[in-house]
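There are two complexes below, and they share chain A, which is joined by chain B in the first and by chain C in the second.
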Partner chain A sequence: MTPEAREPLARYLLTIADDELVLGYRDSEWTGVAPIVEEDVAFSSLAQDEIGHARLLYTLAAELTATDPDQLALRRPKGDYYHARLLEFRATPKYDPSGQHQAGGDWAKAIVRRYLYDLFDDLRTEIIAESSYPPLAAAIQKVRREERYHLRHDEAWWHALAGGPAEGRERLERAIAALWPDALGLFEPAPGEERLVAEGILPLTTAELRLRWVERVAPAFARHGIPLPDERAAPAVGGRRGEHGPGWDELYDEMTMVRRLEPDGAW
Partner chain B sequence: MQTVSEEQVWEALREIPDPEIPTINVVDLGIIRQVAVADAVIRVEMMPTFVGCPAIDMMRRDIRERLGPFGPVEVVVVYDEPWTTERITAAGRRMLLQAGLAPPPRGDIRLTPVSSQPVPCPYCGSTDTQIENLFGPTPCRSIFYCRACRQPFEQFKAV
Partner chain C sequence: MHVYEVFRQEAEGESMRHVGNVDAPDDELALQYAREVYSRRGEATRLWVVPRAAIVEIVDPDFLRPPLDHGYRMGEAYRVTVMKRRQITGKEASRDA
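Up next is the complex of A and B:
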């Protein structure tokens, strides 16, 4: 690896780690409020896996930038997180200590987000496994073995909602329509990816995965007669540059709260 | 150079139980890749079962404490080779059964994350079982139900 590739690689690692961390946090919010108790268990495990993957990727990024994984995970300014916008919105009802919980949670949105993201992440980790940067290629092999279970879980729910009674199907279709531009935003490249491709650290840019993703997504839609939204629709971009929406304001405040109260707390 | 031999270190490691499944030890679980006693420090390489496993730090501490009397210890967590359930020894698979955990199915999990073969119940041995949840109380377990003895049970996931 040339010295010029260090910074783009660190940034690329942060991009993936942030995706996993943010989805992990959001999925953890289902613990206790999922539609069935088995899904309380499943989403807790999914969240734990994703945050574990984030920790591993932050560790790799920290080695390149002479910092530590906690610093990267919880002490960066709000605008220095590079996850895709798809991952930051809250899909659960908002908890309120008064008991007057806000409505608006939507299981179908949680499932659509997971499935569209995991199909993308499967393609992304597939190319990263071919990286010429050995620590990354090796670590991602381990991650891929765990992600098999995630895809399996998503697929089961996708088919259950799509083939189920009318309300599930309607909610699924509404969620797809609402999230489609955000899903296309997954393919926004991180700055400096061309350098990584030139050096073989990355076999393809993130943008180049889009066509493969559509090929993976299309049969899942076709199987249930769900029309595939326009794949040339304008994607919701900005996430990879640190530009986010209100979902991120809320999540950032919450997930960094303890760290801000006790910046040097150890436990 | 250590006064302790590699064999003694392996023997001591065999006394360290997995914090979440105490019937199995870290050696039979297959998470110890290498032990080196050639230098001033005893070096142990450990492979985590799951990337997000919260027991990693506990096991690292347990190893340091158990080997401490032999001299300075370094426990390195390695990710350059994935731990897979194929690393669990034959004795280790029996130890899982004793804990009421079905051992992981064999074969290429990239093709079949869920076993196509029936999973025998660890309590009664019946194969009249069904999967209830791919996920379980820890990242490494799935939940099953035995229709014969009407017991829920857990299986160590294949990874």
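Up next is the complex of A and C:
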């Protein structure tokens, strides 16, 4: 690896790690409120897996930037996180100690987000496994062994909602319509990806995965007669540059709360 | 939603043992839930999930523990066996020994 590739590689690693961390946090919010108690346990476990993947990638990024993984995960400024915007909104109802809980959460949204993201992540990790940077290729091969089961979980729920009673199907279709532009935003590249491709650290840019993703997504829609939204619709971009929405304001405050109270606390 | 009974093998070559059950909408999720509940810490080398509806059950004591003495059907009940066992163990042989 040339010295010029270090910075883009660190940025690319942060981008993936942030995706996993943010989805892990958001999905962990289903603990206690998933549709059945077994799913509660399973979904929480998936969420913890994602945070484990984030930790692995932050560790690799920290080695390149001479910092530590906790610093990267919890002590960056709010605008220095590069996850896709799809991953940051809250899908659960929000608990409020006063008893005035906020409704509006939807399991179908959580499932659509996970499924569309995991299909993308499967393609992304497939190419990263071919990376010429050995620590990254080795780490991602382990990640893929867990992600295979995440996809099986997502698919089971996708079929259950799409083929189930009318309400599940309606919620699924509403969630797809609402999340589609955000899902297309997954293909926004991280700055400097061309450099990584030129050096063989990355076989393809993120944008080049889009057609492959559509080829994976289309049969899942077709199988249940769900119309595929327009793949040329305007994607919700900005996430890879640190531009986010209100979902991120809320999540950032919450997930960094303890760290901000006691910045140098040790656990 | 269906109930699945969960069986677990804890080491290669061991028998499958019943460990409990899970509720799940289908076979795939039943496997995933069984993993979460019964092999979270890597306790299993293999899991089976069996829809409870597939289990054929009998709980009738008339059939399982017949009321009449069936000792005459068992080798252990022959007089010579009883005598030999008493010589070996020094104790009264019984069917449960």
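Note that in this section the second predicted complex is superposed on the first by the 267 of 267 C-alpha atoms of A that agree within 3 Å, B and C clash if a C-alpha of one lies under 4 Å from a C-alpha of the other, contacts with A are read in each partner's own complex, and residues count from 1 in each chain.
By definition in this document, a contact is a pair of C-beta atoms (placed from the backbone, for glycine too) under 8 Å apart; a residue touches a chain by one contact, two chains touch by 3 or more.
For clarity, every value in this text was computed on a predicted model and none was experimentally measured.
Superposition of the two complexes onto chain A shows a clash between chain B and chain C.
Touch criterion met: A:R145 reaches chain B, while chain C stays clear of it.
Contacts of A:R55 after superposition: chain B is touched, whereas chain C is not reached. When both complexes are overlaid on chain A, the residue A:A160 reaches chain C alone and has no touch with chain B. When the two complexes are overlaid on their common chain A, residue A:V41 makes contact with chain B and with chain C alike.
Residue contacts after overlaying the shared chain place A:R232 against neither chain B nor chain C.
The partner that reaches more residues of chain A, of the two candidates chain B and chain C, is B.
Superposing the two complexes on chain A places one region of chain B into the space of chain C, and among 37-45, 55-63 or 91-99 that region is 91-99. Common to the chain B and chain C interfaces on chain A are residues 38, 41-42, 45, 149, 152-153. Contact residues of chain A toward chain C in the complex are 36-39, 41-42, 45, 149, 152-153, 155-157, 159-160.
Looking at the complex, you find that chain B touches chain A at residues 50-54, 79-84, 109-110, 113-114, 132-137, 139, 143, 157, 159.
Of all the residues in chain C, the ones that touch chain A in their complex are 1, 22-26, 28-29, 32-33, 36-37, 40. The touching residues of chain A, counted against chain B in their complex, run 38, 41-42, 44-46, 48-53, 55-56, 134-135, 138-139, 141-143, 145-146, 148-149, 152-153.
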